[in-house]
Amino acid sequence: MHERELLALLRRVQIGDATAEEAAAQLNPEPFVSLGYATVDTQRKARQGVQEVIYGASKTPEQILGICQAMTKRGGHNILVTRMSPQAAALVSNVLPLNYHELSKIGIVVPQAVEQRGEIAVVAAGTSDLPVAEEAAITAETLGNRVNRIYDVGVAGIHRLLARIDELNRARVMIAVAGMEGALASVVGGLVSSPVIAVPTSVGYGANFGGLSALLSMLNSCAAGVSVVNIDNGFGAAFQASRINQMEGISD
Amino acid sequence: MHERELLALLRRVQIGDATAEEAAAQLNPEPFVSLGYATVDTQRKARQGVQEVIYGASKTPEQILGICQAMTKRGGHNILVTRMSPQAAALVSNVLPLNYHELSKIGIVVPQAVEQRGEIAVVAAGTSDLPVAEEAAITAETLGNRVNRIYDVGVAGIHRLLARIDELNRARVMIAVAGMEGALASVVGGLVSSPVIAVPTSVGYGANFGGLSALLSMLNSCAAGVSVVNIDNGFGAAFQASRINQMEGISD
Amino acid sequence: MHERELLALLRRVQIGDATAEEAAAQLNPEPFVSLGYATVDTQRKARQGVQEVIYGASKTPEQILGICQAMTKRGGHNILVTRMSPQAAALVSNVLPLNYHELSKIGIVVPQAVEQRGEIAVVAAGTSDLPVAEEAAITAETLGNRVNRIYDVGVAGIHRLLARIDELNRARVMIAVAGMEGALASVVGGLVSSPVIAVPTSVGYGANFGGLSALLSMLNSCAAGVSVVNIDNGFGAAFQASRINQMEGISD
Amino acid sequence: MHERELLALLRRVQIGDATAEEAAAQLNPEPFVSLGYATVDTQRKARQGVQEVIYGASKTPEQILGICQAMTKRGGHNILVTRMSPQAAALVSNVLPLNYHELSKIGIVVPQAVEQRGEIAVVAAGTSDLPVAEEAAITAETLGNRVNRIYDVGVAGIHRLLARIDELNRARVMIAVAGMEGALASVVGGLVSSPVIAVPTSVGYGANFGGLSALLSMLNSCAAGVSVVNIDNGFGAAFQASRINQMEGISD
Amino acid sequence: MHERELLALLRRVQIGDATAEEAAAQLNPEPFVSLGYATVDTQRKARQGVQEVIYGASKTPEQILGICQAMTKRGGHNILVTRMSPQAAALVSNVLPLNYHELSKIGIVVPQAVEQRGEIAVVAAGTSDLPVAEEAAITAETLGNRVNRIYDVGVAGIHRLLARIDELNRARVMIAVAGMEGALASVVGGLVSSPVIAVPTSVGYGANFGGLSALLSMLNSCAAGVSVVNIDNGFGAAFQASRINQMEGISD
Amino acid sequence: MHERELLALLRRVQIGDATAEEAAAQLNPEPFVSLGYATVDTQRKARQGVQEVIYGASKTPEQILGICQAMTKRGGHNILVTRMSPQAAALVSNVLPLNYHELSKIGIVVPQAVEQRGEIAVVAAGTSDLPVAEEAAITAETLGNRVNRIYDVGVAGIHRLLARIDELNRARVMIAVAGMEGALASVVGGLVSSPVIAVPTSVGYGANFGGLSALLSMLNSCAAGVSVVNIDNGFGAAFQASRINQMEGISD
Amino acid sequence: MHERELLALLRRVQIGDATAEEAAAQLNPEPFVSLGYATVDTQRKARQGVQEVIYGASKTPEQILGICQAMTKRGGHNILVTRMSPQAAALVSNVLPLNYHELSKIGIVVPQAVEQRGEIAVVAAGTSDLPVAEEAAITAETLGNRVNRIYDVGVAGIHRLLARIDELNRARVMIAVAGMEGALASVVGGLVSSPVIAVPTSVGYGANFGGLSALLSMLNSCAAGVSVVNIDNGFGAAFQASRINQMEGISD
Amino acid sequence: MHERELLALLRRVQIGDATAEEAAAQLNPEPFVSLGYATVDTQRKARQGVQEVIYGASKTPEQILGICQAMTKRGGHNILVTRMSPQAAALVSNVLPLNYHELSKIGIVVPQAVEQRGEIAVVAAGTSDLPVAEEAAITAETLGNRVNRIYDVGVAGIHRLLARIDELNRARVMIAVAGMEGALASVVGGLVSSPVIAVPTSVGYGANFGGLSALLSMLNSCAAGVSVVNIDNGFGAAFQASRINQMEGISD
């Protein structure tokens, strides 16, 4: 646990915003909690700066709720659940506060205001890419980053992108979201000097092969400074972008 | 045989540039010549406007020479041989006049000056794409098209391409040659109103999978007005572009 | 905006067919309109000769309607929406005039009569390919091309195709639509001297792999003069064919 | 051993063309001979009508020779070795009579005249397909079939194929050999009423993917009556065609 | 039209089983009938010995009915419709006699008794392969072949197959149907001396990749005398097997 | 039949737990029972130590019931049915005792207590992998093995796995179940000296390609001592692990 | 270090077969030795029962020698180097005793006699599979297992395999090596009750795709009790088989 | 050009380290230099902070030299050439100072000392991955980053990695290089809180498919905070890592 977070926790105890038990649970050295079907990694925040995120696909609503409860018992809040079905959202929201985004199927359990710092630009090629772009944008905001959405600026009308070049240059990190031929990542990568995290989407049909075309395109980008995450993985891109955006400055 | 060509042939007989036998062979209604290992399609020029082109890969030098001779006997000239090995070039050039381009492995047997009309722009993303781009450019010139080479203007430095937009707009047809992520085709396709023939190249490595990345990228182009030929098929793109460039105007 | 179109627009104002506001919107130099979820490219007609086409898949009915309204406000008509769901068609048709083709899932918003010029032949291998063939045919007609439909003439009974060779030769451009082994493109490509745009379809099963067999077949065509668009992309083929069909004649 | 063959063997003993030992070896009931590195299947002729064929790739010249010797000891002749390297051919020919075809890399050990019956047409799309076509033709001849070679009749000039339709109709079985898009198999399959065995070849480049395009094309043939063997497997096609050509007539 | 069939037709007119009009339609030299959405190939029986078969997938029930009616007007009977949906079956059976097999989704329109000759063995690896095996068996019977079904004899219990070796040897042609690893084709191919047509099925999961595992397995069979049709293509295998089974005997 | 099993059977007859008929059926030398749609392999227990297991996918409920009845008639119990649909479970449970696990879709027909020996550890990377892990665990228990479930210990929090290293070392065989990148198999393989059977799961999305990522990962494991079964094949892994766990000790 | 090995080591010191330094190095608790380019895992024998094996591909001869020397310094012997080039073998053999097998490219550095226990059958489909089969056999022998080679018994002549069924049943573990369609693994898996480790080989061509056909075939085996290692990974199969062969008997 | 660089340039003029012409060339506003075969992007340093890097594959030695000269004329130094052949290195080093690394095929033209700041850890799984790891390490150093090499710490002996966890935690960015199953990226990603750039390598064989296994593995990493570059793209990873390492601290 970073010092700043430790102080914040103790202050929350001071002012009654957290009970001693909750604080103890967070400071507890036990590295994980076993639920039988799940082994919740309670040290992840200390080790990686961010608590465990729940991948909602292929889990039952009951399992998702159980994991959330194990985490909230230890003071967890702003718990991200990705690929959360409306059924799971309905069940969880009966028991815990939940902020659920239907388009991007992302839920934030026990939402709390987060200070947003730096700036990440989420650039999306088309309107059809919005579910993935929004997964990235909401994740980034929840992890404490300021986000600028630049949507529907695909390369078929490149003046739309060039018109916003100042916004691109202002951001500390770029997330480029595109399906079909995924050319956006290379063009953005060639325009800016900040790191670009590319997210191929499964938008398209035929020889798109479920996002393979955009994935290969982005991996083969002729622009240096582009790295890639899994198809449709808006969350993963935002997590990586957040790590980069929040870096301390280089000292020497 | 188009009328203009027929007249030209007869004039060549008049002035002794062709013998009566050669002219007869060209006017001969036999639709093909059998060589055992090859069945030369002697009607193709009448049917398709261009005589048969020889695909040099997997043919022995002797077979290539034999086919060329069968064609020249019937008055053939400017016979294109693609993917011609230096060995085949050496053998053929002992017997017939040959113009051989080593970089693009293309040969022109019995070369003759051709009037060049209209304009095709051959746009290539990188220096590494030149063998394919040159195959396209030389084919197009041999088929009677004016060619403008616009090379090394890949999207990682898009200002290089934007600086030449007037040249792009001037051409009647575009050939866009790119390896790696093949984004050039989409960007060009979004800038111009003429047809774009895209040629993916096998330039690259790793997840390029021998040109698959550029191929899929181009097939999924978000810009309309782009159609695609086989990986590294500069010849095919030029053939198609030539057909388009040389079209008569629409009447109604 | 081409001169002919500019004059036509002004005449429409003269005769009251368009208001001054509508005309102004079309002449407006703003290059795009931002809707948040979409950045409508209002310069595309000027740049590419055809206004933006809406790819309906993965867009909500509300988004599609919103984009259509942004375009009609600027005088847009004959707006093409491809892969339009019946739900989207129902919503749009409540608000705007819509001509919806259920088989090919294509909609034409604010339809107006278009003069049809030149000729494009849409050749389809089998009855099962009709949804894609019709997407091509309707797109081509909407873009101002005369269309001749030649359907169910696959190579398993090649006399059906040979019987219509005069119609093939008459067309200025060919669109060859085929699933399964996609051999139609090569056979047509070998018969005619006009450009062939090949459309592989996903018709078939098993080792068809969703259209991959026809796609690879067409990319490897032994007939020169064939270029290819994405699997099931009837729209893209028609857009490319229209560009070619409407070319001015070559001057020198 | 079929009766006809048994009688033939005994007659060869009568006239001194075979020793008693050789005949005994052939009549020997041992079902295989173990060489350590190989287990020669000496019953295959009895079981399948044709003795074991040696697949030469990945075997050392010494292993190939050893297997041939084990077979010749038992009276074997006309032993086929496919994909035989020139090195293996050189070694074997020092020891045993060998008829080696360099183009198709096929060898016939202890060659003897064979009566040729019925008729198989080997139809090949291009000159580049000849190594595979010849592997098929030579195999078929060695197995006792009359062969008609119809070469370089690909669909890009379909009149070349149509001109030979009488020859196609005369054959009892068809072998259709083609690379690139492999359309020949479907066109032939649609023209004739005899079984077609299709052989995709690896001729081509780019999206040919080593013969995958022709393979998928042939598997998805819209013409019924086409079955397919492995890429470049001229031998396999000929073996299957031979079985079919030599069938007894249906009785009821 | 073969002579035997011609005589049979005329006799049916004699005895009133067919009207003069129906007979005329069958003898009519028009090579196809145009329905707009379909071009029915009415010469196929003359050319290929079997009338056109209707591939039911991706056709509307109305289109299927229309094609059937065009064929029955010309005296067609025992018309095969593969991949026929229950909806199409319901519509057709309201208008025409129909024999519909739900497991294999095959329909026989205007069914009539057919003499069954020779013998084809349909060998299937598992109970799960039965839909494809039955498509093959019913097709073969409808085309006039005697069929022996040998089911659930996969190689995991090879004694089940070996116990039926006499039946295998009796058949003139083998159809081997298997999913998963498709090893049945190779084992059968090694046991018999008649041609084997292998049908990979999509039965399986995971690395089966929709039948790819069995397909590749069969194409790479180490047993000669095996050729392959598309995944799940029971019809195609039966059509090919029927051609082979019904061959006249070799004369010389 | 192993001696121990033979004695157990006879004792069951002695005490009336089995009738003479049932025992006779089990001792009956007939190697299979033909049901038309199925050929039940009744010798498999003698040959392989375990009776035939029913693969439930693509079989009708009636077929599954029929096969179970054929097996129970011969004394079969603890019959495993994998990939059993709830419909099949409902039908079978009306007729025979059935223990059905809905999560893993596995059924045990005529369940009886089994002595559990040795120890197999089933190690799963995530909660989403539980259906496959449970298929393995239940199969292993039914086949007479003690099972230790170690779930949700994926490598993203490797301390969760390291904390249980004693349990890993205690097991005689490991089953490692993981989707996504499947790294668990390599890490476990590097920690223990017992054999690891790896099961890739289809859990994931995008470039997971239905389990391909985990499959390739496990096949390429840098840790020796890892072998792999099909994607999602929990049953297969357990069957193999059971064979290994129950091995007699090596004598010399 | 197992007790038996510890005693053996001390006895070697007693009798002067090893120096005190060598013994110390082996008992040294340091878990690895850093060579810069390599981090030699010196605890692997303690942890996994077998010392680290050197994967020779992509390592320079100097690196291989360096690693061997680091291991021999700590008393290592019988060090396996797989995929060792002749160049590396030449260099190493100048410095250390080496037993090098050229066919299988495997080297044993500081070879010493090993007691061979139990029995592993290495079953190979064809002579062409011998390099991989020998890699497995030599590895297994070096790891202390008795090996029975059963070669060239592919399923195209299944009697060759059935003739050796007693040998199959005698072995405690099976290694099944096959290329092409890899059917051998399923057939062997269906015949025996011991675990089968299947090794696909890259033997074949065309649709073999470098071993993919055999790999998929083996993963989809309909015979339970088969698990699979990487293509051509004879070493991996032998390592896994050795672990299994040398298991202690199950106690309860 | 950043201010710090501008000042440095002027100071070099002051002290005679650069001529006025060289400085002028660098300050020249022309955005690119045309060489015919190449369009050198001279603004890239201003736009992206790093000058153009030369991809050496598929370029002739002469082209590489020409591009280097165009860059050095404008004051370029420390010019990176990746995938540089020894031939190209020989030619360039005759003309310009060159630092060439043979293992990783990377060259630094006109090398100059660079201040190294921050820290990037290059973590490699095996000795065979060193060529790619060194390409990354040398690139990172040339771009001004301190590099810590942590080599041969693959997951098969995970204690080797865990022993160096302090070094991992100290680095600001991680580059994880691994072939085979690529599990290293996930394990590292789960241990640290800094961004991980994963580089799959083509090290391996068989089902590695040229690096595909590691690539898919890394894209599907269950550890968040991992993004991926192309197979074997050490340069690309280092470029991205350098951008991240050199970020200014977040202000708010």
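Lettered A, B, C, D, E, F, G and H in written order, each chain numbered from 1.
In the analysis below, contacts are C-beta pairs under 8 Å (C-beta built on N, C-alpha and C of every residue); 3 or more make two chains touch, one makes a residue touch a chain.
It should be emphasised that the depicted structure is a prediction, and the values quoted were computed from it without experimental measurement.
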{"item": "Reaching chain H from chain F through chains that touch each other, fewest steps", "value": "1"}
{"item": "Turn needed to bring chain D onto chain H - CA fit, degrees, nearest 5", "value": "180"}
{"item": "Length of the line joining the C-alpha centres of chain D and chain E, rounded to whole Å", "value": "27"}
{"item": "Centroid distance [mean C-alpha coordinates] between chain D and chain C, Å", "value": "49"}
{"item": "Between chain H and chain E, distance of the C-alpha-averaged centres to the nearest whole Å", "value": "61"}
{"item": "Residues within chain C bordering two or more other chains", "value": "47, 126, 156-157, 190-191, 206-209, 212, 215, 219-220, 224, 230-231"}
{"item": "Chain contact topology (line, ring, star, complete or other)", "value": "other"}
{"item": "Every chain pair meeting the contact rule", "value": "A-B, A-C, A-F, A-H, B-C, B-D, B-H, C-D, C-E, D-E, D-G, E-F, E-G, F-G, F-H, G-H"}
{"item": "Chain A - residues contacting chain C, complex", "value": "126-128, 130-131, 151-153, 156-157, 159-160, 163, 203, 205-209"}
{"item": "Contacting residues of chain F [partner chain G, same complex]", "value": "47-50, 53, 117-118, 172, 190-195, 197, 215, 219-220, 224-231, 235-237, 239-240, 243-252"}
{"item": "Chain F - residues contacting chain H, complex", "value": "125-126, 154-158, 180-183, 185-187, 189-191, 204, 206-209, 212-214, 216-224"}
{"item": "Of chain F, residues touching chain E in the complex", "value": "31-32, 36-39, 41, 43-44, 47, 52, 55, 57-59, 63, 67, 83, 200, 202, 210-212, 215, 230-233"}
